[in-house]
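As written, the chain order gives the labels A, B, C and D, with residue 1 at the start of each chain.
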Amino acid sequence: MVIEMKDFERIAAGHQRPIPDGEAYIESLRGRGLRVFLLGERVAEPADHPVIRPSINAMAASYDLALADPGLATAESSLSGRRVNRFLHITETTHDVVMQNRMQRRLGQLTGTCFQRCVGMDALNSLYSVTFEVDAEHGTLYHERLRRFIRHCQELNLVVGGAMTDPKGDRSKGPVEQADPDLYTRIVERRDDGVVIRGAKAHQTGCVNSHWIVVMPTIRLRPEDADYAVCAAIPVEDPGLSFIYGRQSCDTRAMEGGDIDVGNARYSGQEALIVLDDVFVPWDRVFLCGETGFVAPLVERFTAYHRRSYVCKTGVGDVLIGAAAVIADFNGVPHPSHVRDKLVEMTHLNETIYSAGIAASHESHETAAGNWENDGLLANVCKHNVTRFPYEIGRLAQDLAGGLMVTCPSEQDLRSPETGPILDKYLRGRADVPTEHRIRMLRLIENLTLGRNAVGYLTESLHGAGSPQAQRIQIARQMDIEAKKKLATRLAGIEET
Amino acid sequence: MVIEMKDFERIAAGHQRPIPDGEAYIESLRGRGLRVFLLGERVAEPADHPVIRPSINAMAASYDLALADPGLATAESSLSGRRVNRFLHITETTHDVVMQNRMQRRLGQLTGTCFQRCVGMDALNSLYSVTFEVDAEHGTLYHERLRRFIRHCQELNLVVGGAMTDPKGDRSKGPVEQADPDLYTRIVERRDDGVVIRGAKAHQTGCVNSHWIVVMPTIRLRPEDADYAVCAAIPVEDPGLSFIYGRQSCDTRAMEGGDIDVGNARYSGQEALIVLDDVFVPWDRVFLCGETGFVAPLVERFTAYHRRSYVCKTGVGDVLIGAAAVIADFNGVPHPSHVRDKLVEMTHLNETIYSAGIAASHESHETAAGNWENDGLLANVCKHNVTRFPYEIGRLAQDLAGGLMVTCPSEQDLRSPETGPILDKYLRGRADVPTEHRIRMLRLIENLTLGRNAVGYLTESLHGAGSPQAQRIQIARQMDIEAKKKLATRLAGIEET
Amino acid sequence: MVIEMKDFERIAAGHQRPIPDGEAYIESLRGRGLRVFLLGERVAEPADHPVIRPSINAMAASYDLALADPGLATAESSLSGRRVNRFLHITETTHDVVMQNRMQRRLGQLTGTCFQRCVGMDALNSLYSVTFEVDAEHGTLYHERLRRFIRHCQELNLVVGGAMTDPKGDRSKGPVEQADPDLYTRIVERRDDGVVIRGAKAHQTGCVNSHWIVVMPTIRLRPEDADYAVCAAIPVEDPGLSFIYGRQSCDTRAMEGGDIDVGNARYSGQEALIVLDDVFVPWDRVFLCGETGFVAPLVERFTAYHRRSYVCKTGVGDVLIGAAAVIADFNGVPHPSHVRDKLVEMTHLNETIYSAGIAASHESHETAAGNWENDGLLANVCKHNVTRFPYEIGRLAQDLAGGLMVTCPSEQDLRSPETGPILDKYLRGRADVPTEHRIRMLRLIENLTLGRNAVGYLTESLHGAGSPQAQRIQIARQMDIEAKKKLATRLAGIEET
Amino acid sequence: MVIEMKDFERIAAGHQRPIPDGEAYIESLRGRGLRVFLLGERVAEPADHPVIRPSINAMAASYDLALADPGLATAESSLSGRRVNRFLHITETTHDVVMQNRMQRRLGQLTGTCFQRCVGMDALNSLYSVTFEVDAEHGTLYHERLRRFIRHCQELNLVVGGAMTDPKGDRSKGPVEQADPDLYTRIVERRDDGVVIRGAKAHQTGCVNSHWIVVMPTIRLRPEDADYAVCAAIPVEDPGLSFIYGRQSCDTRAMEGGDIDVGNARYSGQEALIVLDDVFVPWDRVFLCGETGFVAPLVERFTAYHRRSYVCKTGVGDVLIGAAAVIADFNGVPHPSHVRDKLVEMTHLNETIYSAGIAASHESHETAAGNWENDGLLANVCKHNVTRFPYEIGRLAQDLAGGLMVTCPSEQDLRSPETGPILDKYLRGRADVPTEHRIRMLRLIENLTLGRNAVGYLTESLHGAGSPQAQRIQIARQMDIEAKKKLATRLAGIEET
């Protein structure tokens, strides 16, 4: 079996040199002829669609931060021998794992949304160690293929999306028991030169904004599920791929032309359904094919990385805490102790989330393949707090905002010569603060707690990287209850038999 | 001073007989030439605007319920000697107060939103006893005027909106200290035949859907604030009134033409800014004019009624709990104990809210004027739980819904011949449940937790009838800490001196 | 079968007239020769034992309150035609049910502990309606027997303890599956003149302080469990009964001779294990015998009453809130807003508990037998909040108390001439408050959150009348999820088929 | 000024070589003639008093762990050039700070209580950097004196107690405003050879079990408070010291002779009031004397270390979680999902505490003096969670335990030939588990949630190292709200002026 590089080359042809910055990144997305559907229509150029563009801007921020703060957002890779964007870096030390968290929080602060590049980072790092172990057991060549693929991405500074979540159909049934076998993504044909894949991946963060998609299985598989055990890299412009854009709360405000009611005019997240319509993937981009026994470790390792990646939400939390503090100022109530107390509570919860994430990263260990992986139990604890605290932080932010957040007339009314002056007069808070500033801040809080970025800050905090119950199962597995029982038995003076 | 009935007559002219049902109510709203502004434009006919209409439907439900369940939604009034809609009834027994809560919960269940008719009910009942007491002290005639006004509304079965909340400007300053004296609604001229009022009322629930607006002051006033101490009834079609419609999360989905993505196609709430541009009100519709000492009792009495009226949210909670149970079924996970456990928790929280509301009503007392008023402390406790538990109920509903709630493509995509079949295939949950049903249920949960009715279920639960801090102040006033200290001192064996 | 009154007469012989007050009640307990074991020894006279006496004082308070506030603590009984202690009253109106709650809260305030008389009240009321229904179905005579028994108790003003909880052994097994068949109380012999009962009842509140014990089964029974379906009244001095006293946190402080370190010198609760060593009960005191189908209704009805009886804990909560307010004063920090805020939070939680209890009572319905029973769902909601909020109220009280609560030296050190003056100097808070007063208040808070009455305020709040999971099961049964699903389905626009 | 070593020598005379193990440590405490008062009497030999001994055993565990796991509990000190107990180690790397947390958790697991040696460790480390900075500003010699003192302690392997908390009197007043100036510890005389100190230190953890006490001021001081700015090392056997033992919930059970009802027979915590009756301290043991400006940094630095030291409670939490799991087994209910779910919740909360502590340690920075100090914000977050979660973990443990935990008869009843067999029969849970084992486990849970070690696990978790409000103030100081405001302002599109 020969590893062919022709696909890499095709992709590379479009990128003569590494993408240098956010602007070039946005340019790299144009003209790809993707099959993207939004609001019932195929989108001519996603990069220019007002609903899509803010999500691209958020991804672009990951390029610009690498320039603005290379210590934070780039790393020296021994794989390609060059300084690469940290999102493409295979961790070589505990420090590398920790720095991912710091970068994530910073990007959350800068964009106030999901910047969509973590899934790929966590997918590459988990595949890195798992492919090594598959090869060791099965004599396959996945690890070397993956290293080449990563090198290629590093050299051109590409965006890699990780695609794990299958639609799953009836949750009470496994892949082969479904009425429709395609409800889990699977190999429908094995050929000499590669495999043909069919299915879909749901809730795909940033997929339209990526250059490559790496598909992975989503649940622990049994031997009879072998066709579902497939990992492979697919270029986003593969003609077999379609993307049906997920709608978000208040998404069409971006099409109204203003920049106030959107709340956060520049940045948003992105989720879409990817449909794989019998996509052919050559062997050199296949990283798992039928080895069902390694799917559970892959999923567990990926979620270990990814559940701690949710510290990005603490960066978003910083924005929301700041917005709550500003609106209390603007409303004219900066002094009362209850305002200060709520800001402290929000901060306490936000830092509690951060603590578990960064602790998981600090407590990393080396894998057999040589990269570093964070602690799994603390990562689950981090994510589990993420499923709770942003809701309470959001509630407190709404408390400080006041009811005007949900009763304020539209930007068009504010701009109208007839109603504009009336609103300017009556919606003023502190006399020295322009009414528009007050409204902008209210719209930002609305954006984060009900609107477009509430999707990422709240609901996606709940379900991304696994729903709460998934963390509880994992905590149950790792809590070592037998050891704890022994501690108690000894202190209770019970002699063990 | 003679009480003139000419205004009542003018209004009455448009309604020859009591409005019999919801359909006639909707008809009664047409052709009024109101100055309503929405999304930057004046609305030709609010009753037919797709964004406004669902809020009218919700109000109309209060008429239809009176027909469908008269024991629940009507009452025998000794004031007009007829059976009237309960929203227009002055409570004559404890049972009357309790029945308000039962009706409110039922309407919440039927509409899944704010049906907007409680403020008026609570305003009339609190004014009823306060005007009686003002007259007793000042020899004024407010109480009799109010009784005539209520009789008029009962006879024609009209909607009365209560307008209390002033814009307030800088929260750290009182009415007369504001840079702009109009930031609290006030009398700008006292004439022989009445008063001229200027200002605005913010967050006005259902105002466009009302026939009359009763303005009231919003905070405890000092003697120097006499111009701000005004209560008066104003017909909604008064040319001096303008209404600038508040925008809600996802409001424009109602203009997209479908009935899925709106989540709850038929019903929504409504809040608008009312601007009073030097509105003249004749004396026979003035119920308070300068008696600042009675403003605090009025506000306190109104909030006592209104904070317990928030049991309506338990009706909405019933819908959300039901939706969560259905979506768990549709997803194919009806059995796991954690689903059952979450439904129990949601129910427990919902019933805890209900308990405090209904307890407050059961523990009513008679006022000097002869109507009945609920317990104030328990009403505050009820409302304070409303500022917390719907957020947790909403979080649990989102937990059971799954991430598809925020990543599901649009109704247009579902209807599109190109993407529709793909979505039908891949977004299916349990094989025997139509994909569209599953999506409809997800959209209903989105509607209640992020979308249009999240405004009422969450943020308005927080701030309506007073923000959390207002309840804490009231609880502090009513908790009788000195009596509790005595209990403790006695049991600790400390002799009091 | 003839109902014989000889047992009643024997009991009555000792009480020529109704017990008039607390003092006479205490006297009525002396010289009964009970088999009570405490700290490894048989107690000569329980009424004089320093560990037991405070629990008797608490029960006595129920007698004294009847004198001090007859409107609250007595009722006119149509059964005996006399005014009786409310604890012995069969509810004849909703008002009667509500008044139970008001009396319970007041006694909680006065004693700061469990006054132990509710179980009997709730047992008699639930047996009242169940025996009526058993007789209707089986033609038995239980109801009339029970009425006689109640009349007897009313006439002599006796204390009736309800004994439901069996030891239960292995929780995963039913009565007949246990290795030892006695782990559930059962009939071991049926004779012409009565039945012989064997077994034990655990956690029996106030049993040593009672005149009669009414045993009842503890769980839903199957037909094969017929021997376990027995209800009967047994005099406490029956020679077949033994009582092994439960030890409580800090119980022996009552034997140290002081009155400070005990925290609440006068009052405490009581729980003991009752052992029934083949106790013979004549038929006229048997109220159920083998009718297994009525056990579930009995248990459900009893817990419906009893779970709402836990509003007594809000009376105890009043004491604890008062103590927290006093200690903040004594420490010299009465002003800071965080103290006030914590007192408000404690009150809010306490009143939330109360709300659900009193709401359950207000929402009572009449039974077939003619007495009144509270709402079951709200009673479960009440109790479920009782399993949570006292812990948080206790935590906040400890917060305001400060660490001295658990590091303060002993009363003996305070009384010692060597260390007393030193403690007086260094443990002083505000200069004008005697150090001893400060310590007394700290000991009261310790008593309620760690010490003797923490047993009742915390742990017993958790498990009494059923552990949290029991309420969740009951809420699940009563939440009518199918009706809620219909509400959601309708609003989502899904046509039902 | 000459640094004299005579005191060190005196102390050293009693310890010819480093204390090698726990047994020798206990021996080292004997015959010191301390003035210890307990329950109103002076204690002849504290090391042999049944109430005190368990706290000595817990301290001794810190010696034995150093032998059993030297990697965990010892460190190479560059100060003395030898391997020393980690509690005496001045941190030289981030790893050293992290290892403190790991050792603390382990000791919590092994003892189930407070092992009392952290205060000294944290005091030495904070004084280490502060004295360096005082010297740099004032030209004093404190740092070198401190280094000698530490070296001495390391060489003999002594226990150093840190004594910070003053009695404080009236909380609303500062040191000099108190009615009694001794309510804060102060210098009453400055002599050529040293200073004379008077006052008291409250809640002193492990003080009777220490060899040295290092006193420190407790609050931010003003220039006029110079006499209160004193740090000094005092030998525990100084005749000017008295110790009045704090009483704990259930403390006297240790004097009853058994080993069941105590719950944890071997280990407990200790807190006492230290009285300093004009204690003379020579200059070579004085580490601060009047430099009020450095008191705030000292307190802040000490609390930064110490608030994260509370991860010890996660070790105790491990015991309690284990006990809850065992008792569920013993009761016969190991299977139900709600048991598993509660264990997961307890673990989640416990690990959330741990996360913030270990994260604070990982995020350490070097001080000017060259030792390492953990992050302050995360340490406060850790401690703040400690003031909340143990109460919830305790509540859940009581939930799983069942009510028998507070109604179980005494050990004496269990041992009595009369009642023992009855209890053995009726208190049995699962048939194959000895009743005594079940009771032992219940008593352990009682010990940790109501009894002796609840003092440390609950109340002391609340107030140790500063009450909750102290953490909130510190979080407010460190939350950098201005930076967060800027993030929000930028994203809201508000141009800053």
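FYI, a residue touches a chain if its C-beta (ideal position, glycine included) is under 8 Å from a C-beta of that chain, and two chains touch if they have at least 3 such contacts.
Predicted model only: the values in this text are computed from it and were never measured.
Chemist: Which neighbours do chain C and chain D have in common?
Modeler: Both-contact set = A, B.
Chemist: For the pairs A-B and A-C, output the one whose chains share more C-beta pairs in contact.
Modeler: Spelling it out, more C-beta pairs touch across A-B than across the other pair.
Chemist: Could you work out which pair in A-D, A-B or B-D copies the interface of C-D, where over half of the contact pairs coincide by residue number?
Modeler: Interface equivalent to C-D, from the options A-D, A-B or B-D: A-B.
Chemist: Report the inter-centroid distance (CA atoms only) between chain A and chain C in whole Å.
Modeler: Centre separation, chain A to chain C: 53 Å.
Chemist: With centres defined as the mean C-alpha position, give me the chain A-chain B separation in Å.
Modeler: Result: the chain centres lie 39 Å from each other.
Chemist: Out of chain A, which residues touch more than one other chain, so two or more?
Modeler: 338, 341, 472
Chemist: Contact residues on chain D for chain A in the complex?
Modeler: Against chain A, chain D makes touches at 98, 109-112, 259-260, 263-267, 318-323, 325-326, 329, 340-341, 343-344, 347-348, 351-352, 354-356, 358-360, 362-363, 377-378, 381-382, 384-385, 437, 440-441, 443-444, 472, 475-476, 479, 481, 483-489, 491-494.
Chemist: If we count contacts the way the header does, which residues on chain A are in touch with chain B in the complex?
Modeler: 37-42, 165, 167, 169-173, 178-180, 182-183, 200, 202-203, 242, 244-250, 252-253, 256, 261, 271-273, 275, 331-333, 335-336, 338, 387-388, 391-392, 394-395, 398-399, 402-413, 415-416, 418-419, 422-423, 425-431, 446, 449-451, 454-455, 458-460, 462-464, 467-469, 472
Chemist: Along chain C, where are the residues that touch chain A in the complex?
Modeler: Its residues touching chain A are 337-338, 341.
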